[in-house]
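Right, I'll just put the structure down here and ask away after.
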Amino acid sequence: MDNKTTHQKAWFFVLPVVVLVAFNAIIPLMTVVNYSVQETFGDNVFFWEGVKWFEDVLNSDRFHASLLRQLMFTGIILAIEVPLGVAIALTMPKKGPWVSVCLVFMAMPLLIPWNVVGAMWNIFALPDIGLLGHAINGMGIEYNFTRQPFAAWFTTVLMDVWHWTSLVVLLAYAGLRSIPEDYYQAAKIDGAKPWAVFLHIQLPKLKRVLTIAILLRFMDSFMIYTEPFVLTGGGPGNSTTFLSIDLVKVALGQFDLGPAAAMSLIYFLIVLLVCWVFYTLMMKNEDQ
Amino acid sequence: MKKISAVPIIYILFLMLPIYWLVNMSFKTTNEILGTFSLWPQEFTVANYVKIFTDPTWYTGYFNSLTYVGLNTVISVTVALPAAYAFSRFRFLGDKHLFFWLLTNRMAPPAVFALPFFQLYSAIELFDTPLAVALAHCLFNIPLAVWILEGFMSGVPKELDETAYVDGYPFWRFFIRIFLPTIAAGIGVACFFAFMFSWVELLLAKTLTSVAAKPIAATMTRTASTAGYELGLLAAAGTLTIIPGAFVIYFVRNYIAKGFALGRV
Amino acid sequence: MSKITLKNLRHSYLSHPQRDEDWALKEMSVEWSDGGAYALLGPSGCGKTTLLNIISGLVTPTQGEVWFGDVEVSHLPADKRNIAQVFQFPVVYDTMTVFDNLAFPLRNRDVNETDIDWKVREIAAMLDLSETLMKRASGLTADGKQKISLGRGLVRSDVNAIMFDEPLTVIDPHLKWILRSKLKELHQQIGNTMIYVTHDQTEALTFADQVVVMQEGEVVQIGSPVELFERPQHTFVGHFIGSPGMNVLACELDQGQPVYGGATVETTGKVAVEDPTARLEIGIRPEFISFADDGIAVSVEKVSDAGRVNIVETRHGDDVIKLLVPDGGNVPSENAFLKFDPDHTQVYANDWMVS
Amino acid sequence: MTLALKNVVKRVGADTHIHDTSVELVTNQFNILLGTTLAGKTTLMQLMAGLEKPTSGEVWFDGKNVTGVPVQKRNVSYVHQQFINYPHFTVFENIASPLRVARISRGEIEQRVGRVAELLKLTPMLGRNPSELSGGQQQRTALARALVKDADVVLLDEPLANLDYKLREELRDELPKLFQDRECTVVYATTEPIEALLLGGYCATVHEGRITQFGETAKVYRRPFDLLTAQVFSDPPINIAEVTLSDGRFALNDQVGWATARANLTDGSYRMAVRPHFVTLEPSSDDAIKLEGQVLVAELSGSESVVHFEVDGLSWVSQSPGIHAIEVGKTTEFYLDKTQCLYFGENDQLMAA
């Protein structure tokens, strides 16, 4: 039974939140919408352009390329971070002093400013003076992420794995801890093998947290800007120019407000759409 | 002590390597960094740190960052508290839609909003103040705080509220004296996440500041581009930005797992 | 299936138990026959769950041995002991259907599918689960889920014993008795050894042939429901079983006969107590006291109407004595005297029955 | 303090939780609300406390309409089924909290808390936190908080339901004594008929959002107006059978019947209800009616045996004192005390007892 009481005065409680968020969300969003349908040549003079910018962006090879790169990047990091995070969470101690130690160390990358993460990996991966670059080159593999697109991708992905896998670990760990001990005992008594325990007990109970983990990682990796920008500047060439980097280049670099705004909206809608689909699937699953 | 599996240890080592390298660099002289490859500083120096602590362009950046992060944390959590209470306790017109709308703001790419934000905060003459950044970060931190707090509050039985009203507590007195201490862990977790996301975000922080309120992280990028490769200095500044985060994690370490357990991030 | 023997069992959760209280389970030896229905009954913290976990292998006893038939299993892990357990909160595999849940233990043991199908359907029929076999287990109500937990034990033919750990905790009050009697019925049909842990007297007495009453880590009596009611071996049993519980009144002993309130209380047979400093008490259940024309003089303090009976609270000196008077029976307002039924009056020395 | 509900209705969305209900509780007595879970007992108590507002109708305290008065101003106390205490306050502060809100002087608070703590055997625990207490002690703390403020109305919502049965027995014994010298109207919700009986006072039977009867507890139990009330007020469930009356004889079936002297009943069919403890293993008198039935289930509680059995497809429940070893499946004799049957006529109204 839903034991909430109906109380319209509750709106007063949420009013400050609504005002603050709306101020930050709606006004800028309106600005973007406004730009996206107009053309300007400076001096605050605008001309109505309709959906021209949207058509341009949707038909531009440049947008397609960065969207494709973005999708690839997000796909790769999800494919690595989620299974890796779950695997690490499964091997973490369940109690004792090690738990705190693990949690504190693992959470550290999450609290480093994103440009510092980029700078750190830049220094770490530099072919001559970086530990990683030095080590790879020392093994006889030629590696220079500022020149080789593949090396740049490799470094960017590795950096993201380093940066964000812990989030999946922490979520999965918390999910695992919420499984009552009885389930493990019952499985033992039923003679279940470790794989069956994972498949029939742990994974189903992790479903909810993993959905959240995937959703978050999808959103954040789709919006990624600072780390790759500081690390590679989007290069070499355009090889690591993801959507956000491209957008900022268009908007601030070239000051093409109209196309940038149209691109922003398309971008935002893609994120919203994917999240909405995900959210609905999640809710549907929970109802069952 | 119980035995610990090798996997987490290897993983932690992997996490610590780049950090170590950064710290390592920060204690080296520029000559050593550019001249030789060494696993630890050959000529140990704290000159980089001395520079940061004596040069106002560096340390004010540090203060600026802490100021807007602190401000944002306080604002986000303070306004989120009553809202989360409303969502956890009451049914009201449009509650579910409102909740979902709040969450969609967590999905807005900051890059999308960078320019309009610049214009908006210039228009209200808050540009280049810590308050501007603090308010802008509310965009994603308030929804987050509401989400986390709502989870914790729903775990407190409604009967506790009723008992307090029966005892004669007026609403606000109950809320502050009884309810907030009861969900202290949740407030801690919400503060942690608000702090975290405000501290790590740079795109908006950089866009909304120029000189007076420039965050430390922005100082770094500008140093890197204007003053050539002062890697040691950069590494020292980077190292210093890790410390507040490490500090905060240490304080909330026992709540992290619980905060995540609610599935509210 | 086999007999269960516990030899000189003792357990402490501390690494170096010193004092008496350090033992979660005090020394005990007991033998349970194959196919019996047993209950471990006691208040929370009495050690009954520790004992259950020792038998199922989730806890290794500090001292003593556990035997299943003629095999010592004290150091075998839970999965090697061939026991089944139903936990307080139902454990079902959410992703599977009811059928797959019931088949799970058999599939893990590589039983062929035809046998599995046959066995699962047989057990499902017994548990009234046939209708729901193809449904998702997660959609069932608490009692349905608890039946699945039980069913996973019943499908196996190699089970030495089935253990129940407070299995009715999450069941709706008005459905409890249905499941309670279902368990009893299943025991009679299947004939497995079953061990049932509970703090509820009705569950224990209804289910078990033999009830083990525990208090503070100690077994105070093992007996049939009738024995526990009529001849409690320990004052705790008298207090814990029955509502209201047994009256326990300090007494003296004169030539093997208890003396209470200056008068000799009749009992069957003489009482011999070796320890002269022992604390002596008589115990008599409210059911076995009646008003009489003479006997122990009391004042009537309170009469509570319990529908079927009246619970009368009387006072003799500092002692409160409760008795039951049938509905409509006469309760004197003045000059009341009590008579104890000699057949059901016991004498206790330091809480243990001596008569 | 008199407390009355006048035509109170409570609807939530499309569901009606309380149908038009009017009742005036008996001042300074135990008023028991008896009914199954979700019957509406809690909603009634919340309406009385002012924690919920009625959809329509009024709540009156001492001749004053208090319908719109918030709970803080009603001078009531409330104990929930769950053990609710302020987790970061000590037991002392928990008990003292209503007095602190009322700005009572420090000395008086200490004195009053001390007295109530003594009464509820909490004195040694005053310095502890609720989480360090056992369930029984936590509920005692909640009770102490309810007592300390001298409320006019004390609402106890199944306060013993979450306790082990021995603790429940102990606290149930103490409860009436706690309120003996207090001038307050107690409302006590319970699902257990035996608890209602032992607490005495007055009783309202609640079924699906309606009060079916209100009166002295013992009277409601012995003379239920209708079958529903009899069913609510019976555990184990009351036995119900169709009987026909003709020529001064009630007939249960072809074989079993008994003569009756009741002249006021017309011939026809009735529903007969008889409590399980009047269907026993031993005959209570010589003219008890013998029923031969097959035992379905035998349940033993601490001091009585409850046997479910079947006669000609009709299920019966018998309740006998003492613990008896009863074999399931066996045909056994049971004895019905015909003098204790209740007869219900049209609309299940009581016709004769």
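Assorted remarks:
So that you can tell them apart, the chains are marked A, B, C and D in the order they are listed, and the count of residues begins at 1 in each.
The definition used in the following text is that a contact is a pair of C-beta atoms (placed from the backbone, for glycine too) under 8 Å apart; a residue touches a chain by one contact, two chains touch by 3 or more.
Being a predicted model, the structure only gives us computed values, none of them experimental.
The fewest steps needed to get from chain B to chain C, moving only between touching chains, is 2. Counting C-beta pairs in contact, the chain pair with the highest total is A-B. Distance between chain centres (mean CA atoms), chain A to chain B: 16 Å. The mean-CA centres of chain A and chain C are about 56 angstrom from one another, to the nearest whole unit.
As a whole-number value, the distance joining the C-alpha centres of chain C and chain D reads 27 Å.
Residue positions of chain A touching 2 or more other chains: 5-6.
Against chain C, in their complex, chain D makes its touches with residues 36-37, 164-166, 169, 191, 193-194, 197-198, 200, 217-218, 221, 275, 277, 296-304, 308, 319, 321-325, 328. Those residues of chain A that touch chain B in the complex are listed here as 2-11, 13-14, 16-18, 20-21, 23-25, 27-29, 31-32, 87-88, 91-93, 96-100, 102-116, 119-121, 123-124, 128-132, 134, 162, 165-167, 169-171, 173-175, 177-178, 208-209, 212, 216, 219, 222-223, 225-226, 230, 243-245, 247-248, 251-252, 257, 260, 264-265, 267-268, 271-272, 275, 279. Residues of chain B that touch chain A in their complex: 1-2, 4-5, 7-8, 11-12, 14-19, 21-22, 25, 33-34, 37, 39, 75, 79-80, 82-83, 85-87, 89-93, 95, 98, 100, 102, 104-117, 119-120, 135-136, 138-139, 142-143, 146, 158, 196, 199-203, 216-218, 220-221, 224, 231, 234-235, 238, 241-242, 244-246, 248-250, 253-254, 256-261, 263, 265.
Chain C contributes residues 56, 58, 77-79, 83-85, 87-89, 91, 93-96, 104-105, 108-109, 136, 138-139, 149, 152-153 to its touches with chain A in the complex.
Looking at the complex, you find that chain B touches chain D at residues 157, 159-160, 162-170, 173, 178, 181-182, 184.
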